[in-house]
Structures are given as C-alpha cells and as structure tokens.
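Beneath this line is the structure, given in structure tokens, with notes to follow.
Chain naming follows the written order as A, B, C, D, E and F, and within any one chain the residues start at number 1.
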Amino acid sequence: MKKMMKIMGALALLVLLASPVHADEVVTAGSVAAESGYAIDNLFLLLGAILVILMQPGFAMVECGFNAAKNAVNILFKNVMDLCIGCILYFLFGYGIMYGDAILGGFMGWGGMGIGAVGGDMAAGSLTPQCDFLFQVAFAATAATIVSGAVAGRLKFSAYLTYSAVLTGLVYPISGFWKWGGGFLDQMGFYDFAGSGLVHAVGGFAGLAGAIVLGPRIGKFSADGKPRGMPGHNLPLAALGVFLLWIGWYGFNPASQLAIVGKANTEAVMLIAVNTTLAAAAGGILAMLTTWFIHKKPDLTMALNGILAGLVGITANCDGVTNVEALVIGIVAGILVVLGVKLLDAIKVDDPVGAWPVHGLCGIWGLIACAIFGDGSYWGEAANGALYGNWIAQIAGAVLVPLWAFGTMFVLFSILKKFNALRVSPEEELRGLDIGEHGEEAYSGFQLWTIK
Amino acid sequence: MKLIIAYIQPEKLTAVKQALYEKDVFKMSVTNALGCGQQKGYHETYRGADIEVNLLKKVRLDIAVNADFVETTIEAIISGARSGNIGDGKIFVQDLEQCIRIRTGEKGDEAIG
Amino acid sequence: MKKMMKIMGALALLVLLASPVHADEVVTAGSVAAESGYAIDNLFLLLGAILVILMQPGFAMVECGFNAAKNAVNILFKNVMDLCIGCILYFLFGYGIMYGDAILGGFMGWGGMGIGAVGGDMAAGSLTPQCDFLFQVAFAATAATIVSGAVAGRLKFSAYLTYSAVLTGLVYPISGFWKWGGGFLDQMGFYDFAGSGLVHAVGGFAGLAGAIVLGPRIGKFSADGKPRGMPGHNLPLAALGVFLLWIGWYGFNPASQLAIVGKANTEAVMLIAVNTTLAAAAGGILAMLTTWFIHKKPDLTMALNGILAGLVGITANCDGVTNVEALVIGIVAGILVVLGVKLLDAIKVDDPVGAWPVHGLCGIWGLIACAIFGDGSYWGEAANGALYGNWIAQIAGAVLVPLWAFGTMFVLFSILKKFNALRVSPEEELRGLDIGEHGEEAYSGFQLWTIK
Amino acid sequence: MKKMMKIMGALALLVLLASPVHADEVVTAGSVAAESGYAIDNLFLLLGAILVILMQPGFAMVECGFNAAKNAVNILFKNVMDLCIGCILYFLFGYGIMYGDAILGGFMGWGGMGIGAVGGDMAAGSLTPQCDFLFQVAFAATAATIVSGAVAGRLKFSAYLTYSAVLTGLVYPISGFWKWGGGFLDQMGFYDFAGSGLVHAVGGFAGLAGAIVLGPRIGKFSADGKPRGMPGHNLPLAALGVFLLWIGWYGFNPASQLAIVGKANTEAVMLIAVNTTLAAAAGGILAMLTTWFIHKKPDLTMALNGILAGLVGITANCDGVTNVEALVIGIVAGILVVLGVKLLDAIKVDDPVGAWPVHGLCGIWGLIACAIFGDGSYWGEAANGALYGNWIAQIAGAVLVPLWAFGTMFVLFSILKKFNALRVSPEEELRGLDIGEHGEEAYSGFQLWTIK
Amino acid sequence: MKLIIAYIQPEKLTAVKQALYEKDVFKMSVTNALGCGQQKGYHETYRGADIEVNLLKKVRLDIAVNADFVETTIEAIISGARSGNIGDGKIFVQDLEQCIRIRTGEKGDEAIG
Amino acid sequence: MKLIIAYIQPEKLTAVKQALYEKDVFKMSVTNALGCGQQKGYHETYRGADIEVNLLKKVRLDIAVNADFVETTIEAIISGARSGNIGDGKIFVQDLEQCIRIRTGEKGDEAIG
C-alpha cells in the first residue's frame, strides 16, 4: 500500500515535469490548481466533519454529567445510539431529502437513497459526494443528540430510538431542504450560515416538545409548584463535554464555509473561527456574571451553558459579523440562556440540561442577529432579489423552522404517549432508568446516596 | 431513653421524614446500608453474564427518643415506610442508657430532643 | 451556501484555464505541484497520526471504565506506558524491522535503528521519513494497547511493561513486515488496507494468549463454572473512550491511503471515511439488537463493543467496498462480537473488555470480507500475479498473522509465569492492584462498596 | 519566529512574481502557488490552534483529577474561566502589546486593541491576521491555565479571575514581546521555538508565586513539617487530561513552525512532531523509573507529570535537535520533574499538581537545552550578530522571563492578600471550595469520605 | 432478642454470608465502615509524600436474632471471618428490646426472622 | 462493657481521634452518616433552582469500652468535637453484653481493648 502510493506520487510529479510545451501547459497550471484545490478543500471538510463528530462525546458528557447517576447509562446509551441511527437513517433517506431536487411543490427534496457517486469534478471548492455526505450527516447527528438532554431521566429508551430515527430521517432534512437544499426559505433570502436555526433550533425545539409532552421529572417541582434543583452527578464530565463542544465548533462553523482555497475563503474561514471563539468566551462570562448577580454565587453549570449559548448564537452569522459584533452576540446569548432557564422553571417545563435555552432560544437569537448585525449585502442576493439576512426572511425562518420541529415532534411524542410507550413508570424513574431499562449501573461499586 | 433503628426502602425516606416531622420528631441520623432479608435479590446481566444481587440498597435510620416517644415514632415510621410489599423493612428498639449533647454537655432527656 | 461555493470553485478553475502559454511555466507549475503536494500529503498524514494517537486515550478510558475501580490506576498506568514504551522501542527497533530490507530469507526486515533521514524527495504522495515514522508508530502503539484490556485485573505491572516492549519492538513489526514491508504475504496478494489483521488481530490474539495463560479473575466463574458478570466501574468514561476511538479511526483508515492529493486519492480518502462511519454505526446497532434479543435488555457495553467491532471489520477493506457493503460488514461485525463474548464465557476465558471478540475475531472478519466483497482487481496485482484480496491470500493472512501473535505471546507469558512474574497474589487481586502495585487509589475520597 | 516566517512568505511570493517572461503567465503558476500556499498554511495554523485549545480540557482534567473532590467544581470553573477571560483580554490588549511596535523603549509593544484586519497578502507562509490571533490567543490561554493547578484548594475564585485577566492581558504579552514580538531578547539571540520559557516557564513561575504567597493547604505539612500526601480524587480524569495534552502538543510545537508549505517547512514540521513524541515518551518512562527507584512503587501521577515534563522540555528546541537529542532532553526532564516535586516538598511550598516542576523547572531546562544541543547556526543570526540559542542569550532569557512572571505575580497575589481577597477561610477550605464558593457539588449523590 | 454487630475484613463478607446461610441466618444489614484497632495502618506514598492510613476499610454486619440463635450466629461469623491475622475484627452483642416488621406490623420473635 | 456512639462534625474527626489516643482509646469504628437535628440545613441553588439540604454530613463513631472507660472516652470526644456551635453532635451510650475478638476468640474485657 504505502509503497504503491509513494510511486503514484512520484509518477504524478514526473507527468507534470515531462509534459511538453504548449496548449496543455496551461492545463498543467490549471490542473495543478484543480488537483491541489480539490485535495485541500476536501481535506478541510473532512477535518470539519471529524470535529463536528467530536461534538457527540461533548454532548454525551454534558448531558450525562448534568443528570443523576442513576440515569447515566440510559443517557449515554441514547447519545451513542442517536449517532448510530442518525448515520444510517440520514444515509438512507435524510441526505436525499435534504439535497435532492424539490418535490411536493418544494416542500422537500428527493435525490434517491444513499449517496450515489464516489467521484466529483476535480476543482477547488468541489466536494466529493462522500465528503459532502460525511459533513452533512455530522450536522444531522448534532440536531438529533440535542434532544436527549431535554427528555433525560424519564423518556423510555425505545421511544428515544424512534424519535431519533424520525428526526434524522425526515424532520431535520425537510427543514434543512427549505434553506440549504435551496428551498423557499433560501429563495426568500433567509440566512443561516452554519445552522443556528436549521440545526440547533430544530434540536432545541424538538427537545422542548419532548419535555412538555413528558412532563417534569418526579421531584422537579414541589407541591406548591416551586422548582427544585436536581443537581447533576458529575460536573467534571460536563465541563469536559463543553470543552469538546467548543473545539468541535471549529468544525461546525469554519468548515461551513465549505472551502478554504481562494483568498476570500481562506480569510472567511479564519474570521469565522475567531468570531466563534469570542462569542463562546463572552457567552460564558456573561452567563456567569448573570447568575452571580441573581443568585449571589457563580454557578459552573450556567457558565458552561453560557459558552454553548454564545456558540449557538454566533453560528448563523459568524461569516458576516465583525469581531466586536461577535462579542456582542455572545454577550446577549450569555444573558439570554440564564433567563431562558428561569423561564422554563417559571412555566414548569423540566429541561434538565437547558437544551432549549441554549439551542432553541439562542438559536433564534443567532438568526435574528443576522438581520441586526449582518450587512445583508455581504451575503449577496437571494432568488427573489431580496438581500440575504433581511428582517422578513430571518423572522420567517426563525418562526417556521422551530415551529416545524416543535410541531412534528409534539405530535410524535403525543402518539407515543397515547400508546404509553413514552415514559417509564414512577418506580423505575425513582430507582433510575439504568436498572430499570438496562439492568446495568454506570458506577458499579461506588456508594451513592440512594436517598436522593 | 430508647434508640430506634429502622431499615427502610430508600425511596421511602422522604415520606418517613415527613411522617416523623408531623409527630415532632426532628432529630435523626441516616446511613446507607445494604440489606438482605425475605426480599429476594434480583438478577442483572452484564455483557451477557449473570449477576446475582442479594444485598439490596436500604436506608438505615437511628433515632434516639425518650421512652414515651417510642410508640409515636414507630407508628410514624411505619406509616411512611409501609407499602405492603416484601422489603419494606424492619424497626429495632434498643435501650439507651445515656445521651449527651456535645455542644452544651447537657445529658439525658433534655439532650435527646 | 454550498451551491454558491461550488460555483465559485468552478469559476476559479476557469480563470486559471483561460490564461495563455509558455515554456518555463511547465517547470514552475510542476514545482508548485510538488511543493504543495508535498505539504498537503504530509499534513494529511500528520493529522492522521494525531487522530490515531487520540485512540490511546480512547482505549485507556474504555478499558478503565470496563474494569473495577480498585484496578483503575493499574490499567491506566499500563495504557500510558505502552504508548511511551511503544514510541521508544518502535523507534529503536520496530520501524527498522518493519520497513527495512528483507533479511533472514524474508522473515523480517532491517533498516537500522531510528528513522535515518529528515528530508525526502519533494513530491505529492512522498512522505518525509519523520512523518512516515510518526504514522507508523501510532499504529504500533495501537496494537500494543489492545492487550491491556484482556489481561486486566490480574497481570503484574512489570510483566505488562515487558510484554509491551516485546510486542512493539519485535512481534508487531515482524508480521507487519510480511505485508506492509513488502514481505511474502504481500507478494502472494494478501490485502489488509489499514490493519484489521496486522494491527487489530495481532493485538486481539496477543490479548487472548495473555488471558488464557493468566487464567480468569477470581470470581469470574462460579464454582459450577457459570460465568459471572463483573461490572465495569465507570461506563461514562467507557462511552467517552468509544467516541474517541470512533473519531481516531478517521485517522486510522482514511489516512492509510497515505496521500490525499490527486483525484483518485482525494476520492478514496472520502469513500473510506464514509465506509468507516457506516460500519461503526451498523455494528453498534446490531450489537445492541443482538443482546436485546438474547438478554431482553439493551446492554450499553455491548453496543459500545459493537461500534468498535464494526470499525475493526471495515479497516482491512474500507477502500474497496461500496457504502452498502460497508453497512453489511458492520452488521456482521456487530453480531459476531456478541457471539464472541459468549464464546469466551463458554470456554472459560476471561477477557474483561472483550478485546478478542472486538479486535481478534472481527479483525479476521475484516480480512475475510476483503475476499468476499472486495473486487480484487480494484486492489491491483500482487508480485505473483495473483489479485490482491484473493481468497487464498486472505485465508493465509487470517491464519498466519493471528497465529504469529498468539504463539509468540503465549510463549512470552508462559515464561513470565514460570518465573511467577506474571500474576499478582490473590490477596492483592482481591484488594485491588492499585494499592498492591502502586499504593495509590484512583478515586481517593470516594466511598466504594469494599465488598464487591 | 512569526516575523521571520512572515518575511519568508512575502519573499516566496516575490520570487514567483519576479521570475521572467510574460508577467501574467508567471502569475498563473505563481498565483496558484500563492493561493494554495495561503490556504494550506492557514489551514495548518488553524489546525494547530484547535489542538492547542484542546490542551485546555487537558489541563482542566489533570488539575481536577489531582485535587480533592470537594474542590472539583472550583478548579474546573477556574479552568473554564481563564480560557474565556484570556480570549477577551488578549483580544483587547494582549495581542496588541505582544505584536505591536515597540514602545516604552522596547519594554513592550502596542498595536492597538483587537486584531485590526481580516485579510492579508495571499502567499504561502503568510497568515491571515485572524488566524494569527487565534493561534496566539491559544498560547496565552495555555500560560494562564497552568497556574490554577498550583494554587488549587485555597485560592478564592474572584482572586483567580483577577489574576487571569492580568496575566493574559498584560504580563504574558510583555515577556512575549521581548522575544516573539522582536524585543530585546530576540535581538540578543535568545531562542525559544514554541515557548518552553515564554509560555510554560511564565505559567510555572506565576504559579510558584501564587503557591508561595498563599501558603500550603491545611494538612499538607504535618506539625513537624513533614510533607503529607493529599491524593487526587480522580486519576482516570487526570490520565485522560495528560493524553489530551500530549495530543494538543502536536499543535503547540509543530504548528509553531508557522508554515508547512515549502520543503524546509514540511520537513521541519514533521521532525518537530517526532521529537515531541520521543521527548514525551522518554519523560514519562524516566519519571516512572525515578519514583520507582526512590519510593519502591511506580507512581502514576509522577509518570503523568513526566510526560508533560518531556513535552515542556522539548518545546523550546524541537526544531533544532535530532531525534536522539530529543530523547535525551525527555530523559533529563523526566528526572528533573521528580526532583522538582521533592524540592518543593522540602522547602514547604505546596503545589498540588506540580505546575512548577513541570512547567517552570522543565521550561528552563528546555531553554538551556537550546544552548546545549541546538546547533546555533541552524537557527540563524540575531540582530546583534550573535547566533540564536547561544549560551548568554539562553541564560538571560531563562532568568529574565521566569523572574518577570514570578515578580509581577508575587506582587499581584501579595496585594490581593493584603486586602484578604486571596485565600478562603479555613472552614471553607476544610469543607471544600465547591460548597463555600459555588454552593454546588461536583459529584452530587456520590458518598465521599467526608473525613478526608 | 439480641443484636449482633460484627466488623470484618471486606474480602471475608462472602465467606461469612455463606457460613450464616448454612446456619439458616438469612437476614442481615451491611454497611461500610472504617476501622481502627490493633491492626496498624499502612503507609502509602503519593507523589513522593507520605500518607498514613490508620482507618482501614471494614464491613459492618448488623444481625438481629433470637436469643437462642446468638451462639450459632457468632460461630458462623467467626468461621467465615477468621484468618488468624490481626484485623480479623470484632463481634459485639447487645440486647434488643423490640423488633417490628414494617410490612405486617408483626412484632418480636416472628418479626425477626 | 458499653458501646459509645457519637455523631460529630466530619472536620472534627482528626481532633477527636487525637483526644482519644491521648486517653489510650485506640480502637473504634467510623462510618459516614447524614444527620438531621437542631442545626438547620442550608440552601443551595443549582441552575437557579433551590435545593434544601436538611440532612447534613456527619461522622459516626462506634467505640466499645469497659465500663470504667466510659467517662474518659466521653470527655475525650467532647474535648475534640466541641466548637460550641449548633451541629456539634451527640453522644449515645448503650450497654454492651458481649464482645468477641474474631482472631483469637477471646471474650469480654480482654477482647475489647
């Protein structure tokens, strides 16, 4: 293998050096550009996909750490499985729906099952179909895994498997098509660079639907309706998870430029990376200060949420805002996420990890920020001549996309509930889903206060 | 004075505490315990292999009370802990010769409450 | 977004093609190709090496999490040290043995100690010697670390150090030479793209040898010979480890193409990445379903093993199978791994983490899958004119390589046993190796049920 | 370093443009080189920055795992916040101070707040300002986070926030300017390739200052002054952290070459990567052997420190030493770190994680190693004609840089102490900072021996 | 009725349970404990510094039995727990005034078993 | 013989052990406990929501001594554990009928020490 490749490489060079003078020379320089551009941009996207997949352990650790030890196996298992199921379902249906040609009057697309080709045209900025799929499936899996945190501690394992199949195979790709597949949202000038709305808001609102249909965990609200803190069992894991998410986001945002070759691309990618960093940092600090101010003590879990909030907020607009605007976006997100958590407590919705405040609320914030900060012209013109990122389009998207995710998932979870395939029994919940659903403890041998 | 020791199901602790509070029993000590009794254990499988769990998680309460409080205390515990199922637990009563409050050095009855 | 970029890319190419003619450009263009190709391919391999090294914490966390808390320090220490020792020993001897010129009638190679040069010829597909070493040593360390899981909970620390020196310095490089060094297996058309056999089966069977010579942990089999579950103490860590392994595998497989520049390479790399993903997902799902079916409850640890099984299974053939075939390979691996675990239980071999079912059994499966699915012609012709991946060659390799690892390690462990330098005392084993061998607890301050 | 590369990049482009015949054609080949070179080198640095940021969770896990469970939230929070604060402060002030034009007679630089531009000149070796910032801020955050470990278990949270703002916004950039900003140390021929001194020694000595001003944790030294072991509570996390640090170092060192395009760069990067690997491995093994020899049992935490010691030691010189010299540097570092730990115990300084022995002591060792091993000429000539890496310059740097960090931080911590804003109350310390400062437990539900 | 409290070496628990089962003593409660006794502690080193461990891990058994069961129970415990080495542990016997089964409210002898 | 049971503040354990050693009381058993007494619990907030903690971490000591040692032992515990603040804890004294050293089978007074 190794040898073989070395030779190929050498040959490649010879060919170039050997090739005689004339017409084809131009091709020489051109082909060099095409060849290395093709390699670089695909390598860049591969790196991006890998980083986005690194967000999976990130989510798994955050959600696991923010929940009770007695449910750790269950939540880990859900996180592992939404990735596995997501890969298969998105391969079979999702990808075709999201990036195929419009059908059903532009409601969704269809390009057949699977990926289709292996090869593409050799040029900078052109992705091989396989590479393109890998990057896209990583995003689908991200949307899916957001939900597990919101429904933690009470949703049946089997129900979650059903959910994740439906989301990655159908719901996410359809709203994805509306924008990234070139659907009507795209045509009206809706802008969502890397998915504050299409990925995070979808996940966040799907999670909200789940949390509402399920109802709160036993003990989350006292008899007189006061919210009770149900502390996470492993904050070091949760912190690790947030660090991994931060790092994974360097794939999520910069790689969404989809090419790095060419001055414009190279510089866009780097601007995006820095904006992502600044928003994350600002979000973390502000969330810390906000809780410090409200509750007199700095709360780690809120600061961690704040970092994620900043990242979600910058996702839709990171390619079109300045560094300073990125800071502002992060600052607002950091405050929003804390208020979002308190809002859910107020309306008695139990979202153990803050999936909605982070991904839902700040996802919308990211979309609106496009209209506020983004100089629309930067993003060019939409089919209907409107500028990308204009207020109407952003509001339309910020309403329709979350609504779509919330609505469909609300229906799905309600159906499961009807066949009471949704929630585990109170005994099981009290004892922990790990024993009840998996007959397996996460921390065998550790003495836990069984009284919590 | 008497020392009441009770082994109950962990998930009943809150109910038992509630019941005790209502009877003005506010002081107690709680420890984790594993119990083995009439209640048969259960079987888990790990990687396909069998695990027999016959030591079950219980919570142990130690409550020191004055003699005249014993009955009410026991009733409170029972009312909070009974589900009627095997595994509900046991209550043991022992004599308590002396009780001292470290902070004040008070002894006996006034120390206990 | 995507679309937009595609167009930009195309334009970029056109511009280049448009520009007119002359002689010296050819050289200029050629040197450009060589220079950037050299940079890109070496960068690609560096990234690959880093990802493969990321598999080290992956293995460490899985093995640590799947074992008892009382042995956590010991297993972590072994994982840390096999990397350190592996780097040194492979640098001193292994690399020279694996990629040197054939000696001892082609039994092994020898190219001197160390790496030799710093510079290479500047061309696409040509790796600098240092880069090549880094990538290779990462593979050697992978083979080594697989074993620690199989012998966990009873093998002496010193014995493990000895073992890992021998494996990375001698045993692994020799069988590696047979194929990747251009030895007899390569010449007869044996195919193993990224090491289902040369890396994973070697590790898996070395581990099996250790597990057999050592005998089971106290309490693993009841008096009447029934296998007893000995639960892992930290499944969140184990799950994290598997995620890291999945991600590391994007270095292990795609980078084994050893070049990304050139249309063929670029597209091969991306196909490999997707096949790797699909096989992992399928393996995880099938392993879950299989245990669910057999034991009525979905078992997280088995699903995690299943993901690894799928990854191991696809490693030998990922560059020559279709996406759908990759799915099938993963599905089979996912079922095989569960059966493998039950097989070991049946024959009373104690492999605490399932190293053999995952790496040994599915490693062989990967090799056989080359013959089943791989269109031999795709992989070109071997020295003897046979097609790569032909049945005879694959069977030969699938027998000889594991046999070599198993045999040599069986001897080594037996010798250590004779001088009873192999296994800790029963007291030490019951109390835990952490106190006995290191006088250090992994979770100081935590209350553990000392009765397990 | 940076500067040098910038110039090289510019030259590269000029050469191409200069080469004879028909301007535009040349531009064709030249522009291809510039375009892909620009993309590759910036991608390379982006990857580097991401890897360096991966060191943040690495540090967080090591420091968390090496300390008591009752302080876990506090130390995690500090690690999260020094990254957030570091990003903002370095953006606002640090970057401008470190890479601006000399002011105050060359004591520091100033280039204004923020980053300034988005675009740069398109050429290989030329970094976009944003990319350059991202890489630099990752280094600043590294220096900052080192300290948290040395002051763990007793430093107030608010004091730490203050400290990290000052370090990343002022102290680190100033000494950084002396060398990497082209200041006097650079001019006299001081060499520090990737920051053994400018990053690690700065962090290590800042930490030492903190540890001294704070005084030891309650119980660290017995009445008769004997050091007492205060075991870390989660060694699996610590081991994970070290693995992440090892991996992150592949960004820290290789990417400090600041370019990979061009034969010299490509090969330098790979040499650096291998040297880094060998030094880490050697450091780990030697630290293990040293403690084994002294204390009769191999100590995991020391081996982990040893790996880091090797990495720190090779950081200043990895581009100019041979593989074998890298081994020697790692070996010495592995021994030094153990002696360093014992030294601190002897002088009654309490550094819970060994931040000074690892980053301070071995940081200096790395600088001295430049003079010992580095063939000065390799690193070219300094402004004053002296060779880079000469003894005088290295000693000067090895004294001034640590002194600067130690001195400034000693003052800062002393001031905080005066306003007793430095250390938590004994009650709080005994009970744990998590409850006292954050009202949050790291492992809610776990039974901890409250008696430790 | 008597309450038997035994502190044993953790690794002996299985043997002790076995021995008790053979004597038809099936009910007990188990807790983790740290013990400090004749058995000197041991020294660990952590990062080169000394750690003196003088509280050793023990397992505590609480077994309530009828008076006539005391001897057999004690013998069973000893037979399972004795290794002849320092640290084997201790057995304590106390009087038990009352025993109540929460589930049924049964009292005394029939509740205990 | 008597069995002394004391609940103290965790951070006082070292001091109490010291005090006991000085009075030649070397043998004891220690367990973790949660206590609920005069000392009101405290409130934490987690993600902005309130957590009422009314079971506080305590350490439980079990010390079996000969009758004539009871006073000294109690004094030692008090001297080590008293801070004068609510939460200092309690000491309970019970009669102990029998004590057996598993290792030797010794009984009573010579077994206890």
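Here is the rule we go by: a contact is a pair of C-beta atoms (placed from the backbone, for glycine too) under 8 Å apart; a residue touches a chain by one contact, two chains touch by 3 or more.
What you see is a predicted model, and the numbers here were worked out from it, not measured in a lab.
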Classification of the chain B:chain F interface as same or different, half of numbers criterion: different
For chain D paired with chain F, centre-to-centre distance based on mean C-alpha positions, whole Å: 48
Inter-centroid spacing, chain F versus chain C (mean Cα positions, whole Å): 54
Whole-Å gap between the CA centroids of chain B and chain D: 54
Multi-chain contact sites of chain D, meaning residues that touch two or more partners: 28-29, 32, 36, 40, 43, 47, 231-232, 234, 240, 297, 299, 301, 439-440, 443, 446-447, 449, 451
Contacts with two or more other chains, residues of chain E listed in rising order: 30-32, 34, 44-46, 55, 58, 94-95
Touch relationships between chains, expressed as pairs: A-B, A-C, A-D, A-F, B-C, B-E, B-F, C-D, C-E, D-E, D-F, E-F
Of chain F, residues touching chain E in the complex: 3, 17, 26-32, 62, 64, 94-103, 105, 111
Chain D residues within the chain C interface of the complex: 16, 19-22, 24-33, 36-37, 40, 43-44, 47, 51, 68-70, 231-236, 239-240, 242-244, 246-247, 250, 254, 260-263, 265-267, 269-271, 273-274, 277-278, 280-282, 284-285, 288, 297-301, 303-304, 307, 323-324, 327, 443, 446-449, 452
Chain B contact footprint on chain F (complex, rising order): 2, 5-8, 31-38, 55, 58, 60, 74, 77-78, 81-95
Complex contact set, residues of chain C against chain E: 427, 430-431, 435, 439-440, 447, 449-451
Of all residues in chain E, those that touch chain D in their complex: 34, 44-51, 55
